[in-house]
């Protein structure tokens, strides 16, 4: 059935294929009266844009976003906002042989089994290119959350392949191609990528995303919990194979006396929970970590089959990211923003008039 | 807003509180004509039932399920199936002081911030007790999937606190209180739990769940991917802080040449992907791993505050699981079954007449 | 697929069959902190209860509602409210022959074609008895709307069969079995029903429902318009075959210069629109009219077929309403309340901070 | 909240404003493998296109549809189909005064109360122009239903203002501007419209839409009944104030012995029900009638107020349909097709393997 819509109240419906005429999304449910223009969205798209360093795909896409509806005289009207991104680099080439075989680790086989037909151009709909509209929609959510709740989002790489990236300072993030919060490690990361590229191979990555200034009370027990929806969002991002909230898999070896975050009059004493308790935000920072698998499209020869089940050797040529994790940071931020935005509206719907004697606790003591 | 419904087509709406008169769920969308009785559901409830060993909460609940609707003369009619479980062990006690303070690591604070009011009886709605209806609904899904697709589900513990549990044989699982696939390690696990209980502390756990015989083609790109919905389901389970599909966080340090599962005429050569590519099932086993945090309700004193923000020292007495992970295995199986069931129906809706020349590949070569 | 849930944010999931052990519903999304008890709900159930006059079915049902969850110490907690109504008058009788034939005008045939199986007991799920949980949920919505917006709902019969019922005064409505706003016509209505009953036949009715004090701004263009959702709600009520908003079918012969309601500083000059323009409430009264078909279960012989397609003559005995429209008024009121409630929350979600210079216009000048 | 999406499984998300750069929709959930091109869609758009006779708005819009996604090499891929229609006739004019006043009978006031901001260009989103994407989506649904079930849709005008249009023959429908199934009455209709236009006034209309070859078993009790969803669809169409299924308001004065359609071995003996019993299709023709109000935008002076509540006299100039009902027929057909399509997929999801001994009854004996 349909499954290309994200969110319950701030709904983003994504459309398009990698090498079709255009990709885009329709945002339905955006609150009215917010100042909104291309200038609010384009910078986020530019952060994930391909072709910006030698470590990512050399496909050249301007990724210029166009607002087709939902904004009048610079203000959101409350009606659907259609964002359109034309595909400009549709290199004409013969995909005919791709149609008949399946690249290991790629969605070729599963798409074919589902639909019976397949759009092979650049991976069609399974391409990471389809995250661009998500990022554009996330920019709208971020703006509203920042203006209404002071919520901000940031993300960075914590590991590139086997290289751990120690956190130094967020200020370093925009200064390198890896979204690394560490200036000194960048040459090592670059050398790693260059070697991979020469080897015709790819590697994984680990990304952390943090939301600050999140209102307390977001999330719907029992099922549509805030953490559940975050996990849904993140695992739905191409190539993600693991999601953690707060201490994540580290909790397995923890004791309860260590894990539970104490509450002090001046704030929480720690944040092992990652900002969610019982599926509902506490007002602490949301802390999310994701694992991204190595790109499946590599030059190395792999065994596969064709549509009749006969053996076939596949070698992928073309312009691919040797580590899709490199461009994943702004996408993961956008996804987290979309989840928080949706839950902010959901919360207002049901609990818009809840008043408490105690102001929210500071995020951390 | 409302958030207590799981699934798009096989919809499970959960209701009830830990110490209210009853808990239960309504399953809407179950295919008609399936033989169904309490005997199909009760065994799964019994697997997660409290009070069955000294390592879990000593609360005594019969967890007897009653089918109130949707079944006529032993067959599902296609109309909503209401499953009711009466709470029998509602120990009368004074929760008054609980109302005014917040247990660290527990949902007390976040629920209060959301709703302004709070049902403190046994954690109210945030109690793990509310997973019983989920397990009951999962039993219905499992039956249909087994009968229609031969799909089966199993799960086991892979770590209890810092103790890794090597996989030996699934046959051992029902023979111990831990769902451990390993007979020799059980005494060590028991000693660990006894020590914890004496210390008034708790520990985490790691669980693996596997679905076998999953049809290929399930999952909806772009957002409602099968893996996204699995992550949503698992992270929505109480105390879960991390979810992995396939190799999970192990992919970070992998190479593409290692990770991508090759396709051979006789089947997939490996299953690093955990059964999902591009968000769609491949027909391989679904392999899911979850991290469960240590129980927050412990006898150890913790610092907290009351509703006016004044400092307060909390000590939780009562009948709590020192490791909620111990009873999590059947719940995680049920959640996985619910996701697969929902997507089986979703797939049939859109792609019910897709026919392919090649039969599904065997799960593994 | 599942289809037993009403509403997007104030979600009511209905379950049960006419002659099963119980019927009921789960309300998810109710705002927290509202005083709620059985005493708020039971009176509405009593208004639609069977067996209260000789003109309706003589089935004796106490229709006692039980609140199973979602309320703690007399306040809604914001979590799902399960309302249960036990069926007490399950007269044991042989439905076996019913199983094999189809009553003309009844849902027997269509249910069988859909599900392949069928619960014949008193019509199973297609029975008007299933409106009881709707009425119960409506009572919760009415209370919240009255307390938060001063919205009230009332309804009355405007025609019984071919007898038009001139509107006199709403005060008469509770004084007769027909919900007629006219005292003098009641003897004529009673004579009409007595004659019908003697003839073993049934008749239709027309009902009007009005909501007063509806906030302006409710309704979502383009599709989830307030009037669209009202039409959905009303046409979904058993036996309804027509729905009108405002002047309804009368608009066909109107001129634009007559129909469009003028706005004056002291309020709207008229209400041909019935309170909705462009799918959004104007603050005027919502005015809805519905046509209810004659009961299909009649003693008169009708031609039908059995499951093998062979001819069969059907005569329905049993305790049926000779005019289902008689008890429809409180149900239609409840449905209108559910729609307004849902849209009140939907509106708050998106537009909760819209502020205007002009207060809402009075409903009428 | 968001409300611009139609359907549960065959989901159509509509976007755009009357005088913005473009309007369109995203269809998510279309089955894969269906041949689809602009040629399948454009003819339906042409049927509702403005400027085709002197009796409708003289706005000149090409209404050329562009398929942006979801189709590859002439086949639907199962992924979202984005349909874009550029607005070409955006006559530049000063809407400034419109911004400050409210046209009686128009959505100006209600939109403003909802959103606080308003896009006045040609009615913005409340314009009937927004039905074009609905018609385009309907064309896709019609194609699939025709190919898979042989379902067809047709509609015609049954009354223009006070003029009743006797049904003669469907063959006449495409031969006149009114969709009248009657050739001899056309001059009378034209004279009526000419007189109205001279008077600067407008009139209402009544339309009938019929679906033939509808599979039995479509519709979801209890709430998402087929007739409920039809009523939702139709009442959601601009200017519709009344909806009837089958005999509609005629049922009020009918007897049960007359209304209930008898079943004979050779088919149903009549179709008072209009093809739906208990909310589920019977396999008979779906018969739907709608009442359309007179256009609100007329040249006649009307009293209104401005944003500060001060009196103001409004006269609408511009290019408006003096009877919006004239172009409503293809839109109503499209809406009916969308409802049937959605329910066909919903039915397949849950009941895809129901098998019965008796083939569906012929629609009529």
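Letters A, B, C and D name the chains as they come in the text, with residue numbers starting at 1 for each one.
Throughout what follows, contacts are C-beta pairs under 8 Å (C-beta built on N, C-alpha and C of every residue); 3 or more make two chains touch, one makes a residue touch a chain.
Bear in mind the structure is a predicted one, so any value in this text is a computation, not a measurement.
Each step here moves to a touching chain, and the least such steps from subunit A to subunit C number 1. Remark: among chain pairs B-D and A-D, A-D carries the greater number of C-beta contacts.
Look at where the CA atoms of subunit C average out and do the same for subunit D: the two points lie 26 Å apart.
In whole angstrom, the spacing between the mean C-alpha positions of subunit A and subunit D is 38. Remark: subunit B and subunit D have CA centroids separated by 45 Å (rounded to whole angstrom). Residue positions of subunit C touching 2 or more other chains: 1-5, 8-9, 14, 29, 32-33, 78-79, 114-116, 125, 221, 345-346, 349-351, 354.
The residues of subunit A lying in touch with subunit B in their complex are 1-6, 8-9, 14, 102-107, 109-116, 125-126, 130, 159, 161-162, 196, 201-206, 216-225, 227-236, 238, 240-265, 269, 272-274, 276-283, 291-298, 300, 302-305, 307-311, 346-347, 349-351, 354-358, 360-361. Listed in rising order, the residues of subunit A touching subunit C in the complex are 9, 29-33, 78-79, 148, 221, 345-346, 348-354. Across the interface of their complex, subunit C is touched by residues 1-5, 7-11, 13-17, 20-24, 26, 28-29, 32-33, 66, 68-70, 72, 75-82, 114-119, 121, 124-125, 345, 349 of subunit B.
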